[in-house]
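Each in structure tokens, the structures are laid out below.
Two complexes, one shared chain (chain A), two partners (chain B, chain C).
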Partner chain A sequence: MLLPIVAAMVLKVIFTPASQGVEITGALIYFTIPMPFMDLPIGESQVNSWLLIISIIFLCLFMTHGIKERPNLKRQYVIEWAVDKVKAMVGESMGEYFAGFASFIAGIMVLSAFSSLMSLVGLFPPTSDINVVAGWAILVFFIITYYKMKCGPVNYLKGFTKPVALLLPINIISEFATPVSMAFRHYGNILSGTVISVLLGAALRTLSAKILGWLPGFLGDIPYLQVGIPAVLSLYFDVFSSLLQAYIFAMLTMMYVSSAFDYDLYSQRQNDKQKKKQKKAAANA
Partner chain B sequence: MQTSEIISVNIWQIIISLCNLLIIFVILKKLLFKPIQKMLDKRKNMIDEQYDKAQKAQDDAEAAKAEWDDKMSTADAEAKGIIDSANKRAEKINEKAALEAREKADAIVRQAQVDADLERKKAVDDIKKEIVDVSSCLAEKIIEREIDVDDHRKLIDSFIDKIGEDDDNQ
Partner chain C sequence: MELAIGIILGCCALGAGTAMIAGIGPGIGEGNAVGKACEAIGRQPESKGSVTSTMLMGCAVAETTGLYALIIAILLIFVAPNYLVNILMKFIG
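Presenting the complex of A and B:
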């Protein structure tokens, strides 16, 4: 299990020249497509995302392949457990009305977690690109706004003046702060892991050069200290932080969306509408 | 190779990532949640069916048991009746047989008595005849002359009859 990770670490150490020093860069840009407003660079984050989507498609197909009413496959137990958990979580924190959101929340969690976990194999994690996370946050913002609008645009606009009309500007700011904060929280956490990893790598390289540089020939050039220590930190920054951020992002999405929708008001309005229709029909008749 | 800045906002990249999330949502819905939900529904149907089947089987078994119990109780009564009637018949036959046997025995005994009486009478007659013969012979010898045997016989018969009667009376 850990062998590919160690291999990726060793590869990264070998292919990173010692003279590079401390340098933190964004994603590699493979090519650029000219587009209106601004050019679209297709970089590592986009390609990695697409590759991830393809592997998730195959994962889904593999997991749901050959599932039966009477399970005899281990993977069926695993996938049923996972789907059950997500459904239970969505049902608990969003309510019956949003039961259909289970697959969306699962999508957020899977995409976020696997994107972040890509750094484990030495790939560029797409979540450390602000554009990627911002896209998700903006989608969530659209959903929030849609559910707020469901109770009527007037009620939506009225909501900004609650509890006091004086708070109108603050309410507007907080409305737009939601996606921004979500995006920056996720992006910052993942990027900080990368930054710290790079800093630590550079520090360990310098340290090993200072301490073990007396060894003859190429033996002195190998950064020995860089072999084991980053793995421990990677456990926190790559694994724990990745899963935690995915969970937080999904949780916040559920909370914001479910709190945006006032079911009582909505059903009341639907009732009123139906009554009006009936009245109209009665008047016409 | 060229790299982008650490923080470089690009509207197209944002849209691409937004679409990626939507695609993942659709993929998970179609490829993961739908088949699993379908399977769960199927499983639920199957379990319901099995429960129904089990319930039906139990009902059937209970009905069969009740029927059987019913039959058993009637069979018991029937058997009892049959045994009773058989017993009665046997008793009757027994009685009849005993009666017949007694009658037969009685008849035999009576026959035997009759036979014995006859025998006795015959014996008595024989003895009488002997006595007559002997006495007539004796008398012949004594008086040495022929006497009318028939007259004597009559005479002696009457005499012996008297004796016999006396014997009988005694």
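Presenting the complex of A and C:
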């Protein structure tokens, strides 16, 4: 289960170039695949997210193997609690029709939370690469558009001219602003945590060199102030912020998808279609 | 040449600093939201759970404008200088 994560660490250690001082760099690029239009770089974010997906699969298999009707294992209680929570959350905010969305929402939440938490073990969190998060946001955008299309393409196009036809350009912009804002929100939160941690580490090192630099020999080189203080900020930026962003991404997905779909109109159209079919059948007979 | 590159770097840093003025807005907005949530909890302590989760949600959405500014600032610091200097090199040759 932990093997893929360890593999990611080993890869990072092998490929990291030796450097001095504090640097804010993007993802390392392991190799590039030549493609017709643009070379496809396979970097840390792709490799890390695939390794994370493998570990999550094994985590699920571990949590669910050997479950019984009368639970006697601790992990069964944990997984049942989690499943119940997600189902209740989806039912509460999306309604009966979308009950099947629970697995998708749980998947996106777990993936997002664990990707952001990867920074705790010193790996590059895939969510601080905008391409990864933008991929998820575009997926959500396609789901939203699919559910808007379910009431017919004509109704979908008509939706842009509401409440007034004058607002057509603004409505189109706001349609595309949804995935952009979702991606930027997640990416910006995780990235700002990284940047602030790095800046604080550099500041504390300089400060301890200035204050305690008079100590003899190697004692003066140890950055004493760097011990402990960054952990407090890391608790907020790495743990709290990551979990909150995962929750918010899932919550916004649920809200956008459920608000895109008009159940009353949909059932009315289905009814009309059935009546037409019956009429046709009656006319044929 | 050095002067031109210096102007580019300086203006990038100035732009990044100016962009982060947008941090004021989310700060005020989130402060308002949290204050109102505290008032609501004070009035109805039994609704603490739902008020807190709604507030966190609203705060995260209100943060978006600040994050846009942050992304612009980061682009200006880490990406723009390289790009602009390359353009300058192409012009001067």
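Here is the rule we go by: the second predicted complex is superposed on the first by the 263 of 285 C-alpha atoms of A that agree within 3 Å, B and C clash if a C-alpha of one lies under 4 Å from a C-alpha of the other, contacts with A are read in each partner's own complex, and residues count from 1 in each chain.
Going forward, contacts are C-beta pairs under 8 Å (C-beta built on N, C-alpha and C of every residue); 3 or more make two chains touch, one makes a residue touch a chain.
The structure displayed is predicted, hence computed values, not measured ones.
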Clash or fit (per the criteria above) of chain B with chain C on chain A: fit
Partner chain in contact with A:Met118 - chain B first, chain C second, else both or neither: neither
Touched partner set for A:Met254, first chain B, second chain C, both or neither: neither
Touching partner for A:Ser181 - first (chain B), second (chain C), both, neither: second
Contacts of A:Met89 with chain B and chain C, given as first, second, both or neither: neither
Touched partner set for A:Leu244, first chain B, second chain C, both or neither: second
Touching partner for A:Leu191 - first (chain B), second (chain C), both, neither: both
Which of chain B and chain C A:Ile144 touches, first, second, both or neither: neither
Larger contact residue set on chain A - chain B or chain C: B
Per-pair minimum CA distance [chain C against chain B, superposed on A] in Å: 7
Residues on chain A lying within both footprints (that of chain B and that of chain C): 24, 191
Interface residues, chain C side, partner chain A - complex: 56-57, 60-61, 63-64, 67-68, 70-71, 74, 78
Complex contacts: residues of chain A adjacent to chain B: 24-30, 35, 37-38, 40-41, 43, 45-46, 49-50, 53, 56-57, 60-61, 63-64, 67-70, 79-80, 83, 102-104, 106-108, 110-111, 126, 129-136, 138-139, 191
Chain C partner contacts - residues on chain A that touch it in the complex: 24, 181, 184-185, 187-189, 191-192, 195, 244-245, 247-248, 251-252
Complex contacts: residues of chain B adjacent to chain A: 1-25, 27-29, 31-33, 35-36, 39, 42-43, 46
